[in-house]
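Common to both upcoming complexes is chain A, partnered first by chain B, then by chain C.
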Partner chain A sequence: MIGEKPKGVLAHVALAYPALMLGVFFVIPFGMMVAVSFFHREPGGFYITGFELTNYRNLYTALFGRTLLFSLFIAGISAAVCVSLGFPFTYFITRMRRRVQVVWLVFLMSVLSLSEVIIGFAWSLLLSRTAGLSNLLVWLGIMDKPVAWYPGFAALLFGICYLAFPYTVLVLYPPLSRLDPALPEASLTLGASPLKTFFTVIVSSLRNAIVAAFVMVFVFTLGVYLLPQILGRPHHWTLSVLITDQAIYQTNMPMAASMAIFFMVVSLLLVFLTMVIGKRKRIET
Partner chain B sequence: MAGLTLEDIHKQFGSVVAARDVNLNLPSGQFVCFLGPSGCGKTTLLRLIAGLENPTRGRILIDGDEITQTPAHKRNFGMVFQSLALFPHLTVGENVAYSLRVRHVDKAAQRKKAAELLDLVQLSGYMDRYVSQLSGGQRQRVAIARALAIEPRLFLLDEPLSALDAKLRESMQLELRELQQRLAITTILVTHDQREAMTMSDLVVVMGPDNRVHQMGSPLAIYRHPADTFVADFIGSSNLLEGTCSGAGEIKIGTERLIVEELADGLSAGTSVTVSIRPEDIHVLPGIEKGDNRLHGTVSFIRDVGSSVEIYLNCNGIQIISQSTPKGRPQVRQGDKATVVLPAAACVVLKS
Partner chain C sequence: MSKTLRILFLGIILFLLCGPLIVVGGVSLNAKKRLFFPPDGVSLRWYHELLTESSWLIPVQNSLTIATTSSLIALSIALPLAYFLWRYRVFYARALFTLGISPFILPPVITALGFLSFWVTVGFYGKMIATIISHAIFFVTLPLVTVSLGFESIDHEIVEAAETMGADSGTVFRTVIFPMIRPYMISGYAFAFVLSLNEYIVAYMVAGFTVETLPIKIFNSLRYGYTPVMASVTVVFVLLAALIFGLIGRFGDLPKLLGAMNPEETK
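Entry: the complex of A and B
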């Protein structure tokens, strides 16, 4: 064997605790969910053990397909918006003085402390016709009369991005602050304009970090289920909403479980695909 | 020859002054070194020339054209950074050809030019490697080739050799000097290493911790005729003796009389001065000999490093270091009484 193997029991003890936690709080519940997804639903009751593919077969509906696509679509758009706004934003923060950086990071952290519920209701208020920001614009004389900016797709997208933006910045911050400031300077002295430098040097050399941030926001956004109900219309509801509905209101656990697993598999495939594309591009250039 | 002109350049970061009232005129085709201790503003000066910083005050001209407000990407000055700043996501060839890619030169021409430049810096065949696969010296060459790819009007180097080990650094110094002479390109190198500055440059600009330019001249002129005590002390090693001017061509060091050949203007009797003498100009004689330009003391230490001998003497509290070749070694031993001869021609008198 090449390389040193950890010796004795002690070396493994350190790993035991996280392994135990992971087992208890992730592997076992996940296993249970997989099992339940094959169980038989008992209408009026809960479920009875068994093995059948009915729950997966029942996924094949127009509603499920449409909702699945919409969930992936809005997660993808949110991730794109967050990364394309968050990347330049983080870059400019990292070029500021240390003190200013700290102020910005503390501000972002405080946004992180808000829960999805608070953010959802706060924005529903701010985007409403009766008490929202449009009243402010009317008062300033920019608009004629107050309008409702929610519920709708734009409001939902805005809410999700507001929620995910601080995470995007926190993921991008370490690689961007490690970027050698001489790299963009070298590009300038070689005749590239500041804009060109931003894309060919800063963005290109941090492609991996950008892909990682994109995947993170994408996965994070897939799990959002309160915001679509608060800021969106029923046809903006995501799969997470549908799963909750099945599990809690229809008491159809096997159906909810099969939906969740199918959703997870599709998402993982997309994430995997994104990573592969991200990697291939790096080698080609 | 017009070259590069800095007029009354002043640079301040908040309340911190980085360069103070700099006036320089650097003729084209020369190899110029900005030499000074760390924090003296030499790198800032280079960055001002490159256009990476804007001066608080003053003008920069090249061949008579003002470029003070020209942004860095329009100056066409090649620069090698201290960190080298090679692009990690590009291959060696792509790094070198980056400036051509920015100018939309076609791919084949890019590769051809990159190959030429890699030949020039003796890195043929490294075209398709990544920068992370190269050694320190090879990265150095890539950075040089990349900066030369734009056929720069001015070639700027910011302590590029400081990360290399001593042997490699010396061979790179010679190589860089040779390259500069072959291409006849005006070059400015920033360094804190006075040996490096002496080895490579036509002109040395010495900057001090007060962020001013203290002296500009050929390496030998600066070594032989330092403008002030800072330069005398910073360039090579020097014996600095405190004294007072006591008449025409006469200095008193304590009670001893020192005859000197040259006296700077404005030095009248009674002015306190510093006399700078290089260790290799000082002779040591065994025993006590009276006379002008002589100090007397005890040999406190002898350092024999083979190629040269340094004798440390204590003359009434003043430490004098003399250097001689092994052949010309004076017949003294540690603890002996000795006479130090300070030749008039070698004494440089500086205002204290």
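Entry: the complex of A and C
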């Protein structure tokens, strides 16, 4: 019975409900957003249906360009940091006993599920003058008086990496836990140092998984919305902030929609490009 | 890699992951309405306020209502889809599966904006039902992935045996398939539940000014007047997530749910 072709209308009943729900509440909203991006903005109201490219033409501003570049830039850095720390970390986790693994995974899932607002709040406390890390350094005699380390670029980067790190580990977890343990063992038996084994055997045999993880984490961090507002200064605001501002506070839905579409196209293009480069590298080697 | 180096590395990561949570935990115990760390005196009054002040109680209720119902809807969408995909490998079921995965992969602001334009047009903008359905769609990925994993783990021979003994497909589903995928359904529900509790941007875009959820409430208090209640909510959230995932880890197979092979398969 498994794997056969469904026969008749009755067999499709099971599929009708999910298809309907996803169609009505995901495809239609998405399509509407695409449509709205071509509509005319009605100041004070919402929008007038029509077809014009004005909203896309209006994207060509210094603010939008700078925000887009900054969003891509900080997502790129955080993804690089997360993957380079997360890869060895995940490797160590997967080599632990299963019971110990579960404890780590529960901990990571708990951190992962935390809202951006909670992470932003926690880091703003940690970096603040009254409750922060600098108090500890004062107490230890390293610093003279407590200081505030946020808002700023470094604080934002820390916050984003904290947000994305558990996600990175979960993305890397399946390929790493399926890695054949005989591979590194063979390398060690043949006399390679543990460090050399790690880089030449483990990293290189999982290069595709690393590229894929980088892309996933990159797209994940592109979506940060609250952290830039909590931990960053206004010029650190990302495209998500700009889009929400247009939609909610400027009530300019057509503009917000065109920004969102452009944002999506750029991020999908980058993802595609990274995948292509990753594939080509594998063919060369 | 040498053992001390490995332990040092794991220790540093653990410290970095715990650090903010320790500070928040300390701040939540402050005796006065100040955000000091180490706390200035110890009291549980901010936990008490969380459970008694209506300005916090209403968001707590909103968040719990939205999370319980939306993850139930998400599961109800995921279950028949995963079942269909497992039973009949047809391209349109696979396409629907991809569709179910995509809200999770796109930057959330894009999905949120789509929801906003939809709910404004149909006239449900600012209503709780809009947040519930939006969350259900937004998080359908989680039960979809876990329940599909559950179906994959069913041995086809068991199903065939039941059929040979004369069970019709309804009976097979009720007595054979359902008990086997139930743990996966529960974990899919739990994942969606926890993430819905913590979700901000969709809830904000769809009904942020009328249906205040806990993350929205925390962000608003972050902007307009700090209070240690924010810290106590955070502690409750972390403990709740740890409890739920701890239960999954205790009674389910967490490594497998997250994509590891079974121990006997790793050969």
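One rule holds for everything that comes next: the second predicted complex is superposed on the first by the 263 of 285 C-alpha atoms of A that agree within 3 Å, B and C clash if a C-alpha of one lies under 4 Å from a C-alpha of the other, contacts with A are read in each partner's own complex, and residues count from 1 in each chain.
Here is the rule we go by: a residue touches a chain if its C-beta (ideal position, glycine included) is under 8 Å from a C-beta of that chain, and two chains touch if they have at least 3 such contacts.
Predicted model only: the values in this text are computed from it and were never measured.
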Partner, of chain C and chain B, that touches more residues belonging to chain A: C
Partner chain(s) touched by A:65 [first = chain B, second = chain C, both, neither]: neither
Partner chain in contact with A:194 - chain B first, chain C second, else both or neither: both
Partner chain in contact with A:50 - chain B first, chain C second, else both or neither: neither
Which of chain B and chain C A:207 touches, first, second, both or neither: first
Intersection of chain A interface sets (partners chain B, chain C): 194
Chain C residues within the chain A interface of the complex: 1-2, 6, 9-10, 13, 16-17, 19-21, 23-24, 26-27, 34-37, 73, 76-78, 80-81, 83-84, 86-90, 92-93, 96, 99-100, 102-103, 105-118, 120-121, 133-134, 136-137, 140, 156, 159-160, 163, 169, 194-195, 197-201, 204-205, 208, 215, 218-219, 222, 230-231, 233-234, 237-238, 241-242, 245-246, 248-249, 254-255, 258-261, 263, 266
Residues of chain B defined as touching chain A within the complex: 50-52, 71-79, 81-90, 94, 98-99, 101-103, 146-147, 149-150, 156
List of chain A residues in touch with chain C within their complex: 1-6, 11, 14-15, 17-19, 21-22, 25-30, 32-33, 36, 46, 85, 88-89, 92, 94, 98, 101-103, 105-111, 113-126, 128, 130-133, 135, 162, 165-166, 170, 173-174, 177-178, 181, 194-195, 198, 219, 222-223, 225-226, 230, 239-240, 243-244, 247-248, 253, 256-257, 260, 263-264, 267
Interface residues, chain A side, partner chain B - complex: 180, 182-183, 185-194, 196-197, 200-201, 204-205, 207, 282, 285
